[in-house]
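Structures incoming, each one as structure tokens.
Look at the two complexes coming up: chain A is in both, with chain B in one and chain C in the other.
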Partner chain A sequence: MADTHSVIGTKNKKGQTFTDTWKMMNEAPRTPSFYTGSEVIKEALRRASCDVMIAYPITPQSEAAALIGELFAEGYIGDYFRGESEFAVMSQCAGAAFGGARVFTTTAGPGTMRAMENFPMWSGARLPIQMIVTCRGINSPLSIQPDTLEIAYLLNTGMLVWHAETAQDFFDWILKGYMVSEEPDVHLPLALCCDGFFVTHTKDVVNLTPADMCLPPYDPYRSPVPCMDMECPPVRMMRDPFIMKSNYISYATHASWQQEVWAAVERSRKHTIKWLNGLIETENTDAEVIIVASGTAVSQGREAIRLLEDEGIRCGLVKIKVLRPWPGEEIREATKNAKHIIVPEFNVTGWLAKEIKATIPNSERVNAGPRVCGGMTMPPEIIVSEIKTLLGMRTMSLAGRGS
Partner chain B sequence: MGICLPNPGEAHINGVIVPEEKAYEEAAKQFLMAKVPTLFPGPLVLWAWNEKAAKKATAIRHLYNTLKECVQPGQTPMLIPMPDYRPKYPKINPEVEINPNHPNLTIWHNKIDCCMFIGVHCHQANLSLKIIRGGTSCYTIAMCAQAGHEDAMLSFRDASVEKIMKLADAVKRLKGSVKPRLTSAKHGA
Partner chain C sequence: MSKERIKISEDLYDIMPSDYQDLVKSATYGKEDRGWKDIGNSKELIEQHSLCAGCPESMAFRYILASLPNPEDTVMVGSTGCTSLVFPMVAVHNIHSLFGNQNAIASGLKRALSVRFPGRTKDVVVLAGDGATVDIGLDMTLQAWFRQEKFTTICFDNELYANTGGQESGLMQKGFVAKMAPVGKLFDKVRLPEIARESGCHYVVQCTVSKPSLIEKVVRNAVMIAREIGPTYLQLYTPCILEIGKNSMEGLQEMRDSEKPTERFAYKEYISEPAKQLLAEVAAKDKEKKAAAKQLASQGA
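This part shows the complex of A and B:
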């Protein structure tokens, strides 16, 4: 029987030392390295003691999936293959996780949408699969460019949803993500999202933990449900499902089951705060104007804040790291002094602004934009312009805005 | 109940985090007050799939025997297993088993007013605890081997043979000092 703690200090077949994750992430020396986001995914996975990786090629995650294939060839991954489609991939991930494996996959855009049926199933079955979502456009006409609309669809699946700003976030959160999602009181899948291309295909300096250290292996005996067993739910429920019974008992069971999944999302809060040092990060929250964003919109917000400072305008920042569980209390506290809350987003619907409006008092303070979509970039100047307009200041004319 | 689970060395009573020692006393008191104090051992301790499970099963039997020794006339301790998690159709036999998909039936049938889950996988324990809380007034205790259960009215965490024995000791210690409830209400006290 596996015991996570008993292997600490021993070596795996690649000569890596199973290391206490807290020490590995917080105390071990870091080496600055110049990598793309895709390469960072590979380097994180090299240290993740991952049993199974399955993916299907779709831009912009294909490069990461291919690089992880190299890891498999080097012997760092237990098993690795390409599924027949994203739907097949996510089903195969479920099979591997049901069997007690630590599972990793990557997807993007239409692939995420195609596989969508699997995600509430993963949550309901309490499978702690980690899925990297390198967000891109999902709509017709086809676009492979960055766009975060697919995150909106993931928010109500019962998965944990984190949104990385940088490649450094990515490296750290892949490893920490397993620690949160594999806790027995959580034990849920994690969708670790980033903005495709901006993070995956851009080189950045990332501080890596030593390559000869790796996470302790997953211990399936801590799972809140039995490993795959055809006589027990969740497998048995598929074969002889109470969902097929129309009676009060089946409804009560289903209601409790759903409530338990969302209770587990809530319970992840305690562990996520510990590992990520909070669900949000803040700067200058005493300012009258605060930018609240997630993903690379945070980076653009930082640059806008620098430009505004040059003009003597003080602006605060809230970086939302975790979307599920939703950091409502933290956002309320961070924005309590703000007169204007600016929410820049890389999608057409403004799902983040809607979430924030539903969270805070006096939601008319929320300015749902600026928004770009379909692969457009977001120059910090348009955030600056939006803020100056709100403040009743003269702003420069921006092409395409008619101002 | 809230969603904050205890850290190692702690337990919770009605959602309030307390030192584990306090929880032994309260759990023992609840057992001794109840008309039908009941243990619900689950698959993790019912089957001798490793040495630790077998030892836990022996400790649970000891706790049950201790309850029988310590209660007063009119109190009826029970030990009802949750052998598996399959929904039981068309009908469960609530006298001999409990099931996470309809645990309230076993509570109602036996008029159980205090119960403790042990050796049940956390997800199924939480399903059971939610349904019992929603449909009965039974006092629920969880002796969880992992992080504990917010849906129980009292929850231990990191259950071990030693902890089960400590609970049995607390029951022995409080024997005769706790006044049992005289009546058991319909569908649980």
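This part shows the complex of A and C:
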């Protein structure tokens, strides 16, 4: 069974000190480093006391997955291998998590879709696996370009879903993510999403925690369900397997367990607020126009706000960091003064705008766009143009629009 | 897990379910020479099952659970199908997650247990039907063998999808008329034992479950070899009496008929060189132990 003494302050085999995560993330000195998003994932994993990482090549996460292989070769990861497909990889991750390991993997686009059957199973089995999703197109014809449509499919799996804007978010959230996921009253998988290429392949200054500090190891005996390692008594789980029963008690069991999974998503709220300092971040919410976005669209929104300021137009910003649990109350509060709510998105269907519309009063205030997809970038000018049109102002015609 | 761990606090003894009390009192955890003969004399590791009366799969389940060399440190992985009706009643940790991903789950599990318990034996045994092993899960079955994952794969071959009502499967015989094979199956029974050998399995056996002593032997061998050397595979004929039109008491005869030398379930075995060496070492040790015991007994007399 788990050691009862604390390991904080002791060293791992690489000489890193197991450090109280709050101190490591909030009090330890930070070193500015110029890294790509993929390299940042590697640096976060170096400090994550990860037991098992399972990899599979798919653009744009391949580099990160391979870099973690280097960490394994250096002795920072317990075990690492390449699986045969994303479906298999996510099942291998499940097997490792059932066996009590802290597990990490990365995927993207079509890989996320191929593996989809696993995700509700992860949540239902209460496996706190962390999966990085470097979003890319899932449409046909084949595309490897950034596009966030796959996030829409993850929202109803029972996983925690966070959407990082920058590499700095990524670094901090990978480490903090385990702290939220592994809470006994949560114990759920986390899909930590970012926009592929924009975050993974661009270099940015990221403030790193000391490389000689690492997270305390995962304790599988804090799980709300037994760890499958034959270290606790194996008892008959149920008299009759519920799968075969068409009766009320069977339905009620399934229903209550699904409700419990979603209640656990809700219970993650308090931990997430503590670690991420809120599910959203806001600026100038007293403005009439507010941009509400997640991921890279937030950065483009910031640029648009700067351009609008030059013209004397004041515009607020809501950065949604966490999609599950959904920050409904926070968004309602932040947008209560807004006459126009602009939701720029990197996908064709506008799933974020739909979520927001379902959350706030007077949802006709929501402008579901501008939207780009298929790998297109989102110049801040199109956000500016959208806002000016809403305000009844003349806008310059944008190239390619033909107007 | 030591047997100590399942002991019940005296204060709580009377409120524990009787099957748990039995497990503590008379299960064969930790007994080195446990085997099929314990059935009936000890608490079985399978409490009860909801399979059809006379189902050969239920016999296979009992023999396998009685024969695992190290149940107190064994984790089993199942898949969707008739086997998943039994696993909730099995007294070793077991995992059901999805249909067909059992060898992927077992790969991750075995590696996690190796990372977490270095220097300790933690056996992993997969037990799934032929649909899970050969059709929907074939990719993951083979890839685990290619990677030389150190666990045992057991396939309950009933030559069809039993739990969903008797549809064609890859291990079905050619020509058999079934649901989804309305004019008879058009291609041969997949030759998974041969494929297993070529894929890197160190111990491959195909047989029926008509003889408990044989199942005891092959299960022990398969688990020991998987623990020390690499992947092992057992393909056991467990006919679905319901779907082939037999009565409850006819399962055993069906297996005996099918294991004759010219039939499709004639005993077939492959053992790699390193596995042969290991088995020889184990046999030598057993012999030594028996001789020592005999000597001790004669001295005592």
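Note that the second predicted complex is superposed on the first by the 385 of 403 C-alpha atoms of A that agree within 3 Å, B and C clash if a C-alpha of one lies under 4 Å from a C-alpha of the other, contacts with A are read in each partner's own complex, and residues count from 1 in each chain.
Everything that follows uses one rule, which is that a residue touches a chain if its C-beta (ideal position, glycine included) is under 8 Å from a C-beta of that chain, and two chains touch if they have at least 3 such contacts.
Note that the coordinates shown come from a computational prediction; the quantities given were computed from them, not determined experimentally.
K.L.:
Taking the superposition on A as described, I'd like to know which of chain B and chain C A:79 touches: first, second, both or neither.
P.N.:
A:79: touches chain C, not chain B.
K.L.:
Kindly classify A:185 by the partners it touches after superposition: chain B alone (first), chain C alone (second), both, or neither?
P.N.:
A:185: touches chain B, not chain C.
K.L.:
Tell me the contact category for A:195 with respect to chain B and chain C: first, second, both or neither.
P.N.:
In the superposition, A:195 touches no partner, neither chain B nor chain C.
K.L.:
In the overlaid three-chain picture, which partner chain does A:256 touch, first (chain B) or second (chain C), both, or neither?
P.N.:
The first partner, chain B, only.
K.L.:
Among the partners chain B and chain C, which is in contact with a greater number of residues of chain A?
P.N.:
C
K.L.:
Quick one: is A:52 in contact with chain B, with chain C, with both, or with neither? Answer first, second, both or neither.
P.N.:
So A:52 only meets chain C here.
K.L.:
When the two structures are overlaid on chain A, which partner does A:345 contact: first (chain B), second (chain C), both, or neither?
P.N.:
The answer is neither, since A:345 touches no partner chain.
K.L.:
Check the residue A:87 against both partner chains and state whether it touches chain B (first), chain C (second), both, or neither.
P.N.:
Only chain C is touched by A:87; chain B is not.
K.L.:
Could you look at A:225 and tell me whether it touches chain B, chain C, both or neither (first, second, both, neither)?
P.N.:
A:225 sits against chain B, while chain C stays out of touch.
K.L.:
I'd like to check the shared interface: which positions of chain A are touched by both chain B and chain C across the two complexes?
P.N.:
226, 231-233, 236-237, 240
K.L.:
If we count contacts the way the header does, which residues on chain C are in touch with chain A in the complex?
P.N.:
Touch list, chain C to chain A: 1, 5-6, 17, 19-20, 47, 50, 72-75, 77, 84-85, 87-95, 97-98, 101, 104-117, 122, 139-140, 143, 147.
K.L.:
Which residues of chain A touch chain C in the complex?
P.N.:
By the definition above, chain A touches chain C via 51-52, 54, 78-79, 81, 83-85, 87-89, 91-101, 103, 117-118, 121, 125, 226, 228-241, 243-244.
K.L.:
For the complex, give me every residue of chain B touching chain A.
P.N.:
Within the complex, chain B contacts chain A at residues 3-5, 43, 50, 84-87, 89, 100-102, 104, 121-124, 126-127, 130-131, 134-135, 146-148, 150-151.
K.L.:
In the complex of these two chains, what residues of chain A are touching chain B?
P.N.:
Per the touch definition, chain A meets chain B at residues 1, 126, 183-185, 187, 222-226, 231-233, 236-237, 240, 242, 245, 249-250, 252-253, 256-257, 259-260, 263, 266-267, 269-270.
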